[in-house]
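The structures considered in this document are given below.
Consider the two complexes below, in which chain A is the common component and chain B and chain C are the respective partners.
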Partner chain A sequence: MDEIVAEYIRRTVLKIPRDEIKMMLQKWGFLSEAQLQTLNFHQIKDNISQEVVQLCEENSADIKQAAVLDIIYNHIYQNKRMWSVYQMRKTGEELEYFDLTDFKKKFKRRLRSALKNVTITFREYEDNAIWIRVAWGTPYRQPNQYKPSYVVYHSQTPYVFISASVLKSNLPLLCQALIVASNYHDIREMELRSHSLNSLKDIVFKRYSQNFQTYCPKPLQGKTVEPESVDLRIINENRNEKERIQRLNQEAFGDGPQPILQFAQYKLETMFKSSPELDVLDKKEPFRCLVKFSSPHLLESLKSLAPAGMADAPLSPLLTCIPHKARNYFRIREKKGLFPGSFVSP
Partner chain B sequence: HIATSLPLPSERDHLRPRIDLIVFVIDIKSKYSLKNVEASLAYVDANFFLGKVYFLVTGVGRVNCCSVEMNAVCKLGETYCSPVLFCELELEGVRVATAQRLLRTLQICAGLVPGFSALSFSLLMRNSADD
Partner chain C sequence: ESGDPQRTALLLRKAWTLYSVTPLYRFCRGRLRDYARLLSAFIAAEKQKGLAVEVGVELDIKVALSSLPELQGSEQDEPALLVQLSSRSRASPRNSEDKILWLGCFCCVYGDDLSENMPEDFTCLPLFLANGAESYMSVVGNWFQKTFDCIFRRLAISPFSLSWMVAMWAGCKVDKAASAVELVFSVPRLPQPLDISYAIHPEDAKALWDSIQKTPGEITQEEVDVFMDCLYSHFHRHFKIRLSATKLVKVSTAIASAHCDGIVKMLHSQYLSGVLMLLTELAISQIQ
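Right, the complex of A and B next:
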């Protein structure tokens, strides 16, 4: 077995938490049950990984099998990576039957014709997701297995989720191969990024609970909004205000759990508006400024701002439109014309 | 009665009993909190400042999250001649202890403890804080 493969398998096993190694090796299916029985999972990980490499040696593992183990790891720990969303577009409306083998063949052919040294691995999952792992090399170097790109494609949708490796130069080639293989016409990057792959899917597949613009009449006077049991001796003076905030929040965010995003970024290219006496800027050029909101669960924290008393309700539509517009990177420019203000660029 | 700011909504005026003690809660982690309290102080009748107003500062456990300067809070207490209490409401033990303190203070302010008036008690509180 190749030294590179051995080292790669060893490092991959080291990444896995000790309690999960057995489960992942079983999922991998490369080592037989008998072989797995011989492994002692109670020793330090260093030793476990050495033993695994020994067994793989016996079975003559090659890079293809090692890559599958890597996909399995990244599928379970998908939230460690940052995912971007891409949308593909077709010219016509023809609904073509999706052939998986055809897709894989075309994808491999396209990539290999441009770049000889690539490792391409596919794995299908139950929710119609096709995971693709690509390790990139150059005409003169073997693929770097430690910096692969991952692509998740749901064949019934025009969306592709990509977690690119650091080498951004391979991205155009990857996109090209995707549209050729899936019979689309072109692909564009959406301004939507997150660590949580499932949340990205929820947003673009519209699986989160949305609020529809129906008229919500004010609740009857007798109904209390507070869900927790409160001591009746505590009297809340601003109950009307609290109910109003609750209602506006519900209209803006809906009732269900919010998709998990980590950032919202607003690039301002607007003019600085100050009172005439201050006159901060001599030149009348756009004041470039970047506002970034970050949080482990951005939408949930935005939702709790108004009830916590930290912001006025209703919140700015720039914040509440994030799931509907399926983007968390915005560029705000000056609105040209009669009405001074700002608008969000598409 | 808990309220997010003053003045209190007027529609409940007829339901409110006599107010014996006002505690302004300032969250050290939020500048907005201090500003809100300062704005609400303007709506308090001057009589309350004779020992019936207290400032409760919470969030002191998280020194690295402080947005409000301690000086600003202490100055506020001095300007309005009212004691400042410090606590950390997120800790169960401290919360219970603070609640007991406030209840005792409320008893005094309501005139239920013979020999103590709200004014004399607040002077006691402020002098001991300065030492």
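Right, the complex of A and C next:
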């Protein structure tokens, strides 16, 4: 077995938390159950990984098998990576029958014709997701196994989720290989990024509970703002206002759990306007700003601002449109003409 | 030892933790070498006791105290005092350069408010900047407190002071490639915490400030308030969020950046004195 492969397997096992190593090796299926029995999972990880490497040596593991272990790790710890969303486009409306074998063949052929040294690995998962791992080399160097790109493609959809490695120069080639293999003619990057792959899927596949645009004529039952207090002298201040905010929030964000995004970024190129008494800036040029919102769970956070008294309800559509516009990067310019107060986002 | 112009550059582009220091009793500017020796011995003793220990390589810690007369505002100000802890590993060759482990700087820039009625025996250096491991700060701080009967206290920066800083610094003239004027707000007490970064193009921020400031060289509270209100209302117009209800935790410009925990970074040599003057004022308010 190659030392490069040995070292790669050793480092991959080291990444795995100790109590999950056995489970991942079983998923991998490269070592037999009998071999797994011989492993002592109660020692320090350094020793466990050394023993795993020994066993892989016995089975003559090569880089292809090692890459599968890496995909398994990254599939389970997918939220450690940052994912971008790409949308592919076809000319015709025909729904072609998706042939996985054909897809893989075309994908590999396209990449290999451009780059001799690449390691390409596929793995299919139950939810129709095809995971692709690509390790990139150059005409003169073996692929760098430590900085691979990951692609997740749901064949029934035009969406591809990519976690590129630091080597961004390979992205055009990767995109090309994808459209060739899937019989699309065009691919574009959407302005949508998150650590939570499932949330990105929720957003583009519209799997989250959306806000409904239709007006709800009956006041919504159910959610009282605070529990009734026993002492009748204590009343809820601004009860109406609180209920109004609750209702507007519900209309804007929907009822269900929000998709998980970590940030939203707005490049503002709108005019600065102040109240007329303030004799300030009155330029004809835009007031250029860059606003970035960050949170472990951005949409939940924004949803809680109005009830907390820090924002007006309804919250600005610039924020509430994030899931149904499927983007978290925006460029906002002033809308010219009839309604000078409104904004347009290209 | 007297300072030289190059050495004020030591203060630039480093993250300094701020402290206020009460006046030092019977500090003698002529005895810097003695003090360095005493502090060195103190550190060695603390190391033996098991404090201020750097894991691994055996280090000889060298202490140097020097004056930085460039860092002064008025004639009444005490020249700044620099404390430098450096090391040479016993393993490395003789002629290799010392590595700076920790830097501390006492200074006073336009500290007349404090030094005015100060009795003879007291030296006013109300602002202290520290850069390096906390363990060294602890040891050095202890020695100065014991030796000169003074008290060190962390200096936090309130949102009120941060607004002054960003308004002042946004108005400074800087070159084309200047970085944005950034304000960072934090909303911690939500079910999911939220941070908001609001960065304005430096030319546009300066244009806004210039249209507000009435007298060049003078800044009033009212002008700072108008500046902040303008920024808040521009933000509210777009997002319907009231930034004034959130906590301003950090401001950042091409001149300097400041964090509410009392950490600053000074980036522009031309305005170094101005920033230190502001910080001296904050330190003095904390002492009085």
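Keep in mind that, in the parts below, the second predicted complex is superposed on the first by the 304 of 346 C-alpha atoms of A that agree within 3 Å, B and C clash if a C-alpha of one lies under 4 Å from a C-alpha of the other, contacts with A are read in each partner's own complex, and residues count from 1 in each chain.
Just so it is clear, a contact is a pair of C-beta atoms (placed from the backbone, for glycine too) under 8 Å apart; a residue touches a chain by one contact, two chains touch by 3 or more.
Computed from a predicted structure; not experimentally measured.
> Does the superposition put A:His42 against chain B (first), chain C (second), both, or neither?
The answer is neither, since A:His42 touches no partner chain.
> In the overlay, answer first, second, both or neither for which of chain B and chain C A:Ile332 touches.
second
> Report for A:Gly309: first if it touches chain B alone, second if chain C alone, otherwise both or neither.
Both partners.
> According to the stated criteria, A:Cys289 is in contact with first (chain B), second (chain C), both, or neither; which is it?
After superposition on chain A, A:Cys289 lies in contact with chain C alone.
> Look at the residues of chain A and decide whether chain B or chain C touches more of them.
Looking at chain B versus chain C, the one contacting more residues of chain A is C.
> Mind working out whether A:Arg141 is in touch with chain B, chain C, both or neither, as first, second, both or neither?
Neither chain B nor chain C is touched by A:Arg141.
> Is A:Asn240 touching anything from chain B or chain C once the two structures are fitted on A? First, second, both or neither.
Touch partner of A:Asn240: chain B, not chain C.
> For A:Lys168, decide between first (touching chain B), second (touching chain C), both and neither.
neither
> Residues of chain A that sit at the chain B interface in one complex and at the chain C interface in the other, please.
Shared contact residues on chain A: 309-310.
> If we count contacts the way the header does, which residues on chain C are in touch with chain A in the complex?
180, 187, 189-201, 204, 207-208, 211-212, 226, 229-230, 233-235, 237-242, 245-246
> Please name which positions on chain A make contact with chain B in the complex.
The contact residues of chain A facing chain B are 234-238, 240-241, 309-310.
> Can you list the residues on chain A that touch chain C in the complex?
Answer in residue numbers: 266, 268, 270, 272-275, 278-283, 285, 287-298, 300-302, 304-305, 308-312, 314-316, 318-319, 332, 341, 343.
> Spell out the residues on chain B that touch chain A in their complex, using ranges where they run on.
Residues of chain B touching chain A: 1-5, 8-9, 12, 30, 32.
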